[in-house]
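Same chain, two partners: subunit A is paired with subunit B first, then with subunit C.
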Partner chain A sequence: MEINSLKFIIFVAVVILLYFLTPKKYKWGILLISSYLFYWINSNQLIIFIIITTISIYLLGLLLGKIDKKLKLQCENVTKEEKKNLKERAKTKRKIIVFVALIINLGILGVIKYFNFFCGNINILLNLFNINIQIPSMKFVLPIGISYYTLQALSYVIDIYRQKIEADKNIGRVALFLVFFPQIVEGPIGRYKDLANQLYNPHKIEFNHIKNGTLLAIWGLFQKMVIADRLGIFVDAVFSNHLQYSGFIVVCAVLFYTFQIYADFAGCINIVSGVAEIFGISLAENFRRPFFSRSIQEFWKRWNITLGVWLKEYIFYSVAFSKWCLNLTTKLNLKLKKYKHLAKTLSALCPLFFVWIANGLWHGASWKYIFYGMYYFIIMAIGMMLTPILKKLCKYLKINVNSKKYKIWQILRTFFIVNIGMLIFRAADISSAFSILKSMFDFSTFGEFFNGKIFTLGLDVGEFIILGISLIIMLIVDFLQEKNYHIREEIEKRNVVLRWSIYYAGIFSIIIFGIYGKDYNPSSFIYGQF
Partner chain B sequence: MEKLVEILKKYNPDVDYYTNEHIIDEEALDSFDIISLVADIDREFDVEITAKDIIPENFNSAKKIYELIERLS
Partner chain C sequence: MKHKLLISVSIFIIIGLILFYILNIILLPEWVINNDATLSARGIYEEEKNSLDVVFVGSSNIYNGISPLEIWQETGITSYSYASPEQKIWLSYYAIQELFAYQNPKVIMLDMNEAFADDNLEEDNIRKLLDNMKLGKAKINAINDEFLNYGIEDKLSYIFPIIRYHTRWNNLSTKDIKRLFYHYDSTYKGYSLVKGIEPFEGNTDYLNYTDETTNINDIALKYLDKIVELCKENGTELVLIDMPSPNTWSYARHRAVEEYADSKEIKFLELNCVDEIGIDWNTDTQDAGWHLNVNGASKVSKYVANYLKRNFDLTDKRENEIYQTWNRDLEIYLKNK
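Here is the complex of A and B:
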């Protein structure tokens, strides 16, 4: 059941009705049952994996909580030395429990998502050393949302380990936190402290929630069905046959893909957040106008925000503040006393390397995604290394770094780097990515701009006009939001005729201009496959 | 406390660490500075700051950092 399908709209309508008709005490139960039903419809018996994850983190969380409580009691009326020993023993136990949680949950994800990739590479190595053993590949079906709920599950256990939250005694609340039905598809990746009680506590029917949630979901559908799926036609035509195209057409395809993946992913998040808002639940922000970023660091603070926060909290911090990394930092600080910036950069690059490997692998089990992660790692490393030089250069050339022109230059530079990243992301493999990148700079074919070839790749002139207008609308919306303009509230202030004209225009543009597949089947979301 | 302020000055000498209570919020120190700072504190004060302690509330002022050190030692 795709979340841009009619079936999903009916499903949501029924759940909303049941939720608001059910007594307060049992409302969370309606959300839990409907979420499991949604999961069953989409993944059938694969539901077992999310159940294993739920039970494992619930029990291990309780165990962690128990150790903490026991330690507190034991530490009363004992000497400092005894206290230290008790703490050490508890620390070891707690570490073992977190390790078990990681093994179970990363183990499930690892086997289902990465088994064939790792075994394929081991087979290549075995072949290289003339060892005649081959590990057979296996066919796995990925349960929906496994990459998202696994991260949520791990954050729950690690937060208890870090004593940021307390273990939940209510398994229903833990289960709902992991499986909430619109969110399970593509995130946003929620944190227990922000989400669990919101989902569990009853919410009243509020007209504003229903209206605002519906409007947000309609905007998400517009982004997905009118923009993303239309761009996808052109992008698929070029990327699936990229050797036939070069220059202008390829530049368009790369640019279109960047907008496609944004409209697709942000569109999905808007549908999900809109549905949640109808229930009175506020989900974490996942996109904040990423194309207005002035640096790659800023881009990743605005794009797939919840993944970035997760990687920062649980990979960056875990590596950066581990004993070996701090020892390395100390050594660098002492050895490079005269080159403080270099020491600081090198000690930051170590945990960043792991962040980008994890980011790449999270997206998929292939070298292409690892390369994608490494691309951003290298860009960031270069950026960090060159910061003092660039500062000096700007000062020397008397460039005003706060001027509008300079900001626009930074935005365009970042956008270019992001487009190359998207090219790697979309290409079938690394060699195709290089081949496509090379063909972008074939200036001999730029005459195709005038000969109409661009209109032979699935989108005719009329389609391009619809696309152009829709993209302009999306960019205007982003621009207004960037200027702190609250669009839904502003529409609300307009007179009834204008207001309803905008609402109807939104709905009918999806019905009339939305892209539908064969037999009017909705297309999948790009990030749903991760 | 003086020893701590001396260390902090290495990262950003322009901040008055005795009065400023928003070091992190005002981005006087970034997350990469914090890694080196934690390494320095661990060495100088013989404490073990771990990932769970890395929250803005613990690093927003010299006083808060000092309190963290005292808690851990």
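Here is the complex of A and C:
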């Protein structure tokens, strides 16, 4: 059940109705049952994996909580020495529990998502050393949302371990936190402390919630169905046959893909958040106008925010505060006394390396995605190393870094780097990524700008006009949000004719211009596969 | 405050529904809404309720081969050709269901030419009937039929055709807007007047006796049984007919229909190779024996008219005040014939 399908709309409508008709006490039950039903419809018996995850983190969480409580009790009226011993023992136990949670949940994800990739690579290695053993590949079907809910599950256990939250005694709440139906598809990746109680607590019918949620979902549908899927027709035509195209057409395809994946992913998040808002639940923000970023660091703080936050919390900090990394930092500081900036950069790069490996691998089990992660790692590393030099250069050349022009230059530079990243992301493999990149610089074909070839790739003039208008609308919306306008509130202030016209235009533009139905192949959400 | 909100939400929804309705009509393609064949499906709603004595149901053979105004001229019996391209028996079943919602004919004559063909029907030919069918029990039953095996989105696309045709925004013209104010023409009572001649040059003794036997398709048979029941329930007499077509009809088929009719104790009117009709395949077909042209239709209709007069107690309405529009339509028909 795609979340931009009629079936989903009907499903949501029924759940909303049931939710508001059910007595307060059981409202959360409606959400849980409908979420499991949604999961079952999409993944059938694979639902077992999310159930295993739920039960495992619930029990392990409780166990962690118990150890903490027991320790507190034991620590009363004992000597300092004994206290230390008890703490040490508890620490070991707690570590084991977290380790078990990691093994179970990363184990499931690892086997289902990465088994074939790792075994394929091991086979290549074995071949290299002339060892005649081959690990057979296996066919796995990915249960929906596994990459998303596994991260949520891990964050829950680690947060208890880090004593940021207390273990939940209510398995229903833990289950709902992992499986909440609109969110399960493509995130945003929620944190237990922000989400669990919101989902569990009953919410009243509020007209404003229904209206604002619906509006947000309509905007998301517009992004997905009118913009992303329309761009996708052109992008697919070029990328699936990239050797036939070069220059202008490829530049367009790369640029279009960047917009496509944004409209697709942000659109999906808006649908999800809109549906949640109808229930009175507010989900974490996942996109903050990423194309206005002035640096790659900033881009990743605005793009798929919840993944970035997760990686920072649970990979960056875990590595940065690990013993060996702290040792490394001390050593670097000692050895590179004269080059403080370099030492600082190098010690920050160490955990960052793991963050980007994880980021790449999270997107998919292939070298292409690892390369994608490394691309951003290297760009960031270079950026960090060169910061002092650039600063000096700007000072020397008397460039005002606070001027509008410089800011625009930074935005364009970042956008260019992001486009290359998206090219790697979209290409079938690393070698085609390079070949596409190379073909972009074939200036001999730029005549194609005028000869109408661009209209032969699935989108005719009319389609391009609709595309242009809707891209401009999306850009304006992003721009206004960047300027701190609250679009929905702004519309609310207008007179009824204008207000309703905007609403009708939104609804009917999806119905008329949306890419759906038999004449188009409805495409699934790009981020749903990760 | 609550009342005000409720009213404004209601108004918003009503305006939205009106816009949605309008868009559904505007975006229908021309081939669904405005061709000779589909006019038969639309035009039936222009007829006065319960005004038809006889309705012919079936494929293009019907709307090309039966001219109700010829029957009117001959006998004063009111009839209508309610047909769509390649209409299979399973689709005829729903056409007849729809018919009973608006008319209470004494006789339904069902075309058997498609009962032996493949039961599958191209989507456009299904849509030429169903997209033109008003929303009601018959339409709902049709789209829910197991045979079609439609998913929810397919089903909804028959109720809201915009789901199927929204891509047509790129080809809209003022003609599509005018459609909103268009009145469907039922002057010819579902008949599609074609004057062209393309002679049939094959063997005209195709109905000669052979030992060959053939069977009505299983699916067609199943729905035929349902049609028999449905007509019985509505007190309407069902007559099976085979429209003249040397390309599709045969003695083996004749025998199969005859056997079926006998088993159900219903009438079967053979129209192929009946000397009395006097079909001349050099002048009476528009496409080398597949369909009749106006010459053929006129002959067949007159023959059917006399059959109806002989076999059923149907009153002559030519002098009836209420039916004078039929005389006016006849004048137009005769002028254009």
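The rule is short, and it goes like this: the second predicted complex is superposed on the first by the 524 of 530 C-alpha atoms of A that agree within 3 Å, B and C clash if a C-alpha of one lies under 4 Å from a C-alpha of the other, contacts with A are read in each partner's own complex, and residues count from 1 in each chain.
Going forward, a contact is a pair of C-beta atoms (placed from the backbone, for glycine too) under 8 Å apart; a residue touches a chain by one contact, two chains touch by 3 or more.
A quick note: this is a predicted structure, and the numbers were derived from the prediction, not measured.
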### Query
Which of the two partners, first being subunit B and second being subunit C, lies in contact with A:Ile10: first, second, both, or neither?
second
### Message
Is A:Tyr503 touching anything from subunit B or subunit C once the two structures are fitted on A? First, second, both or neither.
### Response
second
### Message
Touch test for A:Phe513: subunit B only (first), subunit C only (second), both, or neither?
### Response
second
### Query
Now for A:Thr330: first (subunit B), second (subunit C), both, or neither, which partner does it touch?
first
### Query
Looking at the overlay, what does A:Arg162 touch: subunit B (first), subunit C (second), both, or neither?
first
### Message
After the superposition on A, what does A:Asp460 contact: first (subunit B), second (subunit C), both or neither?
### Response
second
### Message
Going by the contact definition given at the top, which residues of subunit A touch subunit B in one complex and subunit C in the other?
### Response
none
### Task
Mind listing the subunit B positions that touch subunit A in their complex?
10, 31-33, 35-36, 38-40, 42-43, 49-52, 54
### subunit A to subunit B touching residues, read off their complex
161-164, 312, 316-318, 320-321, 325-327, 329-330, 333, 340, 343-345, 347-348, 351, 384
### Query
Considering the complex alone, what residue numbers of subunit C touch subunit A?
5, 8, 12, 15-16, 19-20, 23, 27, 152-153, 156-157, 162-164, 166-167, 169-170
## Note on the structure
Residue positions on subunit A within touch of subunit C in the complex are 5-7, 10, 207, 460, 462-463, 496, 500, 503-504, 507-508, 511-514, 516-520
